[in-house]
């Protein structure tokens, strides 16, 4: 299955954070904050302004992004969890 | 009966999700989340901007879409349930 | 008495739904949902945009429409009940 | 005293509804809904749009109108009650 | 002290209503509604629209006005009470 | 330390009101309303409109102003208290 | 790791306030208000207006700024805490 986000929305795959502390202890799942980093796996064509023109997207597929913990809507595709959010919910892109 | 959605609204038929788990057990109806996939069975002509021009729709009849679980208004046509929602309530189109 | 809706408003007469179930049993009045279908009996000239031009209406008198159950304001004209609502409260037009 | 409504406001005099039922029984005052019909006794010059131009009014003095029961602000002029409301609070004009 | 209201604001002096009923009985202060008439003692230059142009005021110093009971902010100038409100809080101008 | 307010913000120094009543009695600090007069000690360059142009400020450094008691954000600069507020929170300028 | 804020957002590093009072007593951490000064370590390209053009940023990397205590979203980069906020959450720039 293939999702094409509408307007200014993007489909984001959360990036799994490291699961051990510096001392090597594994933190049980409920004690961890949900990660707020992800990678854009699909981006919409941009939102349509009131004059009918599309406003180009700033982010694109493959971009690594940081977003608010509660941003977007969770969707399940073939058993895997993704988030659909608006571009404006993205705080920043990440460059390694 | 035939519904023609107004402005930027679409008429959506929910897609029934698979009713068995991987182990083949039938899940009773109340234990399942309502599906959030559907197919557009009718699309409006687009909303009218403040300058009087219509803004063209991005989705069209036949598109498979994903939408927020609480999006839209339920309508019953000849005993069958549909949803009328605005195009902007659609998160993404689905391509198989 | 004759009502001319203002701006983008329409005057709608609710359509009475069938009062028997398929088995022919009459449902007492309180057990039925109020119908959300109607017919436009009068339409306003369209709303005035910020640049002073009127935006033409999409619906017109005689159109059969579907609308949200709580849309509009009830008005009584010569003992009969009508609804005045904005065009944007109409979900779709109905064609038989 | 003479009131000139500002911008897109109108001064409305409520029309007193008939006080007897069809059988001729007088309904005590508290059992009646407040009327929502009225006559425009003064209309403002229209609201000023963001580009500085006035948007012409659709209603004018003498128009009989129907409005939401809770629309407007009550004002007393020489002991008589009036309502000042925005044109957009008017649902429709009435023609006999 | 002299106040020059900013943007689309006006400085209003409340007009004291008559303090006796028709029968000549003096109503104690707490039993009276606060008056909602006033006189504009200073008017701002008008608000600045998004294109940077000022939108001219409709009211001017000396205008007698009627306004919502809770409109504006009370300010005390040299012991006397005034109200600063936006022009749009004024319902109507009064002509005797 | 020197603060340059951003956009349409101003930095305001509250003016201390007289601390004695007419009879010369000193009012303890908690019995007094916080003053709502102040002097602008720095003004931003104006806010940027949607077309990218700055909208010029109406007030300037040195202006004495009156503002809502709860307007703005308190900031401490070198131990002294100031307020940062938007120009639109200013009700009026004061001329002695 | 390198963060590039999106649109009109900035990445801010909080500036640690002095930790002793004038008398030299160290204030325990919970008794201190969180600082509201910071330095911009990265700035977005500016937000996209409705006509598709970017609106230039007023602040830039290296600017020392003052902002509302609750402004922005906390992000952790390589163990260090930062804030991502919109330019409009910045109250003023600081010049020493």
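Per-chain residue numbering starts at 1, and chain names A, B, C, D, E, F and G are given in the order in which the chains are listed.
In this section, a residue touches a chain if its C-beta (ideal position, glycine included) is under 8 Å from a C-beta of that chain, and two chains touch if they have at least 3 such contacts.
No experiment lies behind these values; they were computed from the predicted model shown.
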Could you state the distance in Å from the CA-based centre of chain A to that of chain F? 42
Hey, how far is the Cα centre of chain C from the one of chain D, in Å? 23
Taking each residue of chain G in turn, which ones touch at least two of the other chains? 50-51
Building nodes from the protein chains and edges from chain pairs that touch, which of line, ring, star, complete or other describes the result? ring
Name the chains in ring order, counting from chain F in the direction that reaches chain G next. F, G, A, B, C, D, E
Give every residue of chain G touching chain A within the complex, in rising order. 1-7, 9, 11, 42, 44-45, 48, 50-52, 73, 75, 84
Contacting residues of chain B [partner chain A, same complex]: 36, 49-51, 53, 55-56, 58-59, 66, 68, 87-88, 90-96
